[in-house]
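Below is one structure; the comments refer to it alone.
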Amino acid sequence: MRKIIIGVMGPGNGAIASDLKNAYKLGQLIAERGWVLLTGGRKSGVMDAATQGAKAANGLTIGILPDEGEGSISDGVDIAIFTGMGSARNNINVLSSDAVIACGIGSGTASEIALALKANKSVILLNDDLTSQEFFRQLAPDRVLLAATSEEAIAIASKLV
Amino acid sequence: MRKIIIGVMGPGNGAIASDLKNAYKLGQLIAERGWVLLTGGRKSGVMDAATQGAKAANGLTIGILPDEGEGSISDGVDIAIFTGMGSARNNINVLSSDAVIACGIGSGTASEIALALKANKSVILLNDDLTSQEFFRQLAPDRVLLAATSEEAIAIASKLV
Amino acid sequence: MRKIIIGVMGPGNGAIASDLKNAYKLGQLIAERGWVLLTGGRKSGVMDAATQGAKAANGLTIGILPDEGEGSISDGVDIAIFTGMGSARNNINVLSSDAVIACGIGSGTASEIALALKANKSVILLNDDLTSQEFFRQLAPDRVLLAATSEEAIAIASKLV
Amino acid sequence: MRKIIIGVMGPGNGAIASDLKNAYKLGQLIAERGWVLLTGGRKSGVMDAATQGAKAANGLTIGILPDEGEGSISDGVDIAIFTGMGSARNNINVLSSDAVIACGIGSGTASEIALALKANKSVILLNDDLTSQEFFRQLAPDRVLLAATSEEAIAIASKLV
C-alpha cells in the first residue's frame, strides 16, 4: 500500500515570515493526516519549516536533496535522497508528489510550479502574491488552485490524492 | 576556443505565430553572429523554428532532447544530445547557454526561465505577455531583460556573452 | 534523526533463483534491523524480491523509479520516488544508500556498482560470479567487499553504517 | 542532417600512458572521418587526450560536463554541455553517442560501459585488461566488441554508425 506523498515547495533563504508559519502548519497537517511530507530537504526556509512541522506531529519526512553534501540537510528529514543533480532535482520533487503545494514564491519554487504544470499535475498556491497567481493561472487555468490558508491548501490536497 | 552558445527556449505545440516568427529570426541572427544555437531539440514550436532559422543561415544547432526517441527531433538539429530525463533536461538547457532567450511562454519555458534565474543567470524575455514579464522581474529585477524584437534580444545577448 | 538506508541493487528480469532468494532475505534482515530498504522500485527481479522481504518483516521500503509510469512498481514499495530519468537514476540509488549491496549481476547492477565506487563508496557483492568479483576488486580493492550469504552481507553493512 | 557522434569514454586521473596515446589517436581518426567527438569534457586523462587529438585534426568536440564549474574543462572542447548532475551525466554520454568506445578502464568508465549495455547499445573496448573484457562480454556477448588498436576501434565504429 503506497503512502500518499504531499510535496511542499517553497523558498529557502528568501522565505518570508508568513511562508515559514504556513509551511510549519502544512507539515503538521500533512503528518496528522497520515501522509508523507516531501520537500527539497535543505535546512532553510520553507523546506525546513515544513519538515519541522511534520516532525512535531510525528510525521514521516523525505528530503530530495540537490547536492551530495551532508551539512545543509534539515534536521527533521527522516529519509534523505541524494540526487547530486542540483536544481534538476526539482522535477523529481513534483513527479513524486501526489499533490504539490507551493508555499511562497522564489525562482526555485517557480520552477517547481512550472515543472508540475508541464507534467500535467495540479498545483496549490499558498501565497499572497497576485502576480504569481495570475501568471500561473494563465498557464493552466484549471490546474492552478488557490489557497488562503494552510488548512485550505490541505483541504484541496485531500481532493487530489 | 569554446564556442558561444545561445539558448532559445520556447513553447512546443503552444507556440503562437509571433513566437514562431521571432524564433526563426533568432535562429538566423544567432547563426549569422557565428554563435551556436541550443534548443530543446524537438520538432515542434519555437525549438523547431529557431533551429530552422539557424540552418537557413548555415549555423550550428544543438538539441538537448528530453527523451530517447528519434521520431520527434527537429530536422535541423546537427548535434542531438539525448538526456533521457524528460523535463529535468531543462536545467541543462539553461546551464549550457551563455545567454538564455525565452521566446514566448508556456509551462516548460517558465520552468527554464525560473531555473536560469535560480542559477544566477540572466534571461532575455521576448514576448508580449505583461504578466509573465512582471512575474519574472519580481523574482530577479536585474536579471530579467525585456526585448521587443528578435534583433533587440540579440543585441542584449551580445552584451552578456 | 535520519533513518539508515540500505540499497539493494540487482537485476530485474535477468535475476536467477539464488538472487531472488538472497534478495528476499536481505529485505527481511534490513527491516528487522530497523533500517530502510532502497531499491530501483520495479516489480521485477531483485528489486521486487527485496521489497517483498522487507514488507514481510514490516519494514519501510523506498523505490527510486526510472520512469514516470505507474504500472511497473513493486507492490511492496511504500515510498515511490519518480525520477523520470531512466537509468541515470542509478546514481541516485547509490548516493542515497548508507550501504550498497549488489545482489546478483547484470548491466544495470554493474552500473550501480561502478557509480558507487566512483562516488568513493563501498559496495558489498553478493553473488557467485568470480569474474565480476575480480573485475570490481581491481577497480577499488579496499571498497569491494564480498559476502557469501545475505546474513554476511548484512553483517558487513552494519559496520559501514 | 544530423552529425554522427562518437563517444570516447575513459579514465581521468587514472589513465595510463597507452590509454592517453590511444585516446589521442581516436580523437584524430574521429575528426578525420568527419565525425563529432563526445567525451566527459574534463581536462584530464582520456577525455582531454581524445579532445586534443580531435582538435589537432580540426574536428568538432563536445564535452558533457558533470559539474557547473569552468575550471576543469578540457581546452579543446568546442561545445560544453553543463549538466550539473555529476556522474549521472554518464548516462547522457552513452545515450548521445552513435558509437561508444571505452578507452582504458576505471570506475566511471565501467559505469558508462554498463549504462550503454543497459540501453541496448554496443560498446567497443580498447584496453589490455582481460578481466574487464571477460566481465562485460559475459553481460552482453554480442554487443561488447574488442579492439586492439585505435584504428581497429574506428573500423568497428564505422560499421555501427
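As written, the chains take the letters A, B, C and D, and residue 1 is the first residue of each chain.
Just so it is clear, contacts are C-beta pairs under 8 Å (C-beta built on N, C-alpha and C of every residue); 3 or more make two chains touch, one makes a residue touch a chain.
Predicted model only: the values in this text are computed from it and were never measured.
Asker: So, comparing C-alpha centroids, which chain is the farthest one from chain A?
Answerer: Centre of mass proxy via C-alpha means gives D as farthest from chain A.
Asker: So chain A and chain B: same face meeting same face, with over half the numbers shared, or different?
Answerer: Because over half of the interface numbers appear in both copies, chain B and chain A meet with the same residues.
Asker: By the contact definition above, name the pair with the higher C-beta contact count: C-D or A-C.
Answerer: Comparing C-D with A-C, the pair joined by more C-beta contacts is C-D.
Asker: What whole-Å value do you get for the distance between chain A and chain C if each is reduced to the mean of its CA atoms?
Answerer: Each chain reduced to its C-alpha mean, chain A and chain C end up 28 Å apart.
Asker: Give me the residues of chain B that touch two or more other chains.
Answerer: Within chain B, residues 68, 83-88, 91-92, 119 contact more than one other chain.
Asker: For a test of understanding, state which residues of chain C touch chain B in their complex under the given definition.
Answerer: Within the complex, chain C touches chain B at residues 68, 83-88.
Asker: Which residues of chain C touch chain D once you look at their complex with the stated criterion?
Answerer: Touch residues, chain C against chain D: 85-92, 105-108, 110-111, 113-115, 117-119, 129, 131-132, 134-135, 138-140.
Asker: Within their complex, state which residues of chain D touch chain B.
Answerer: Spelled out, the residues of chain D in touch with chain B are 1-3, 5, 36, 62, 64, 68, 73, 77-85, 91-92, 95-96, 119.
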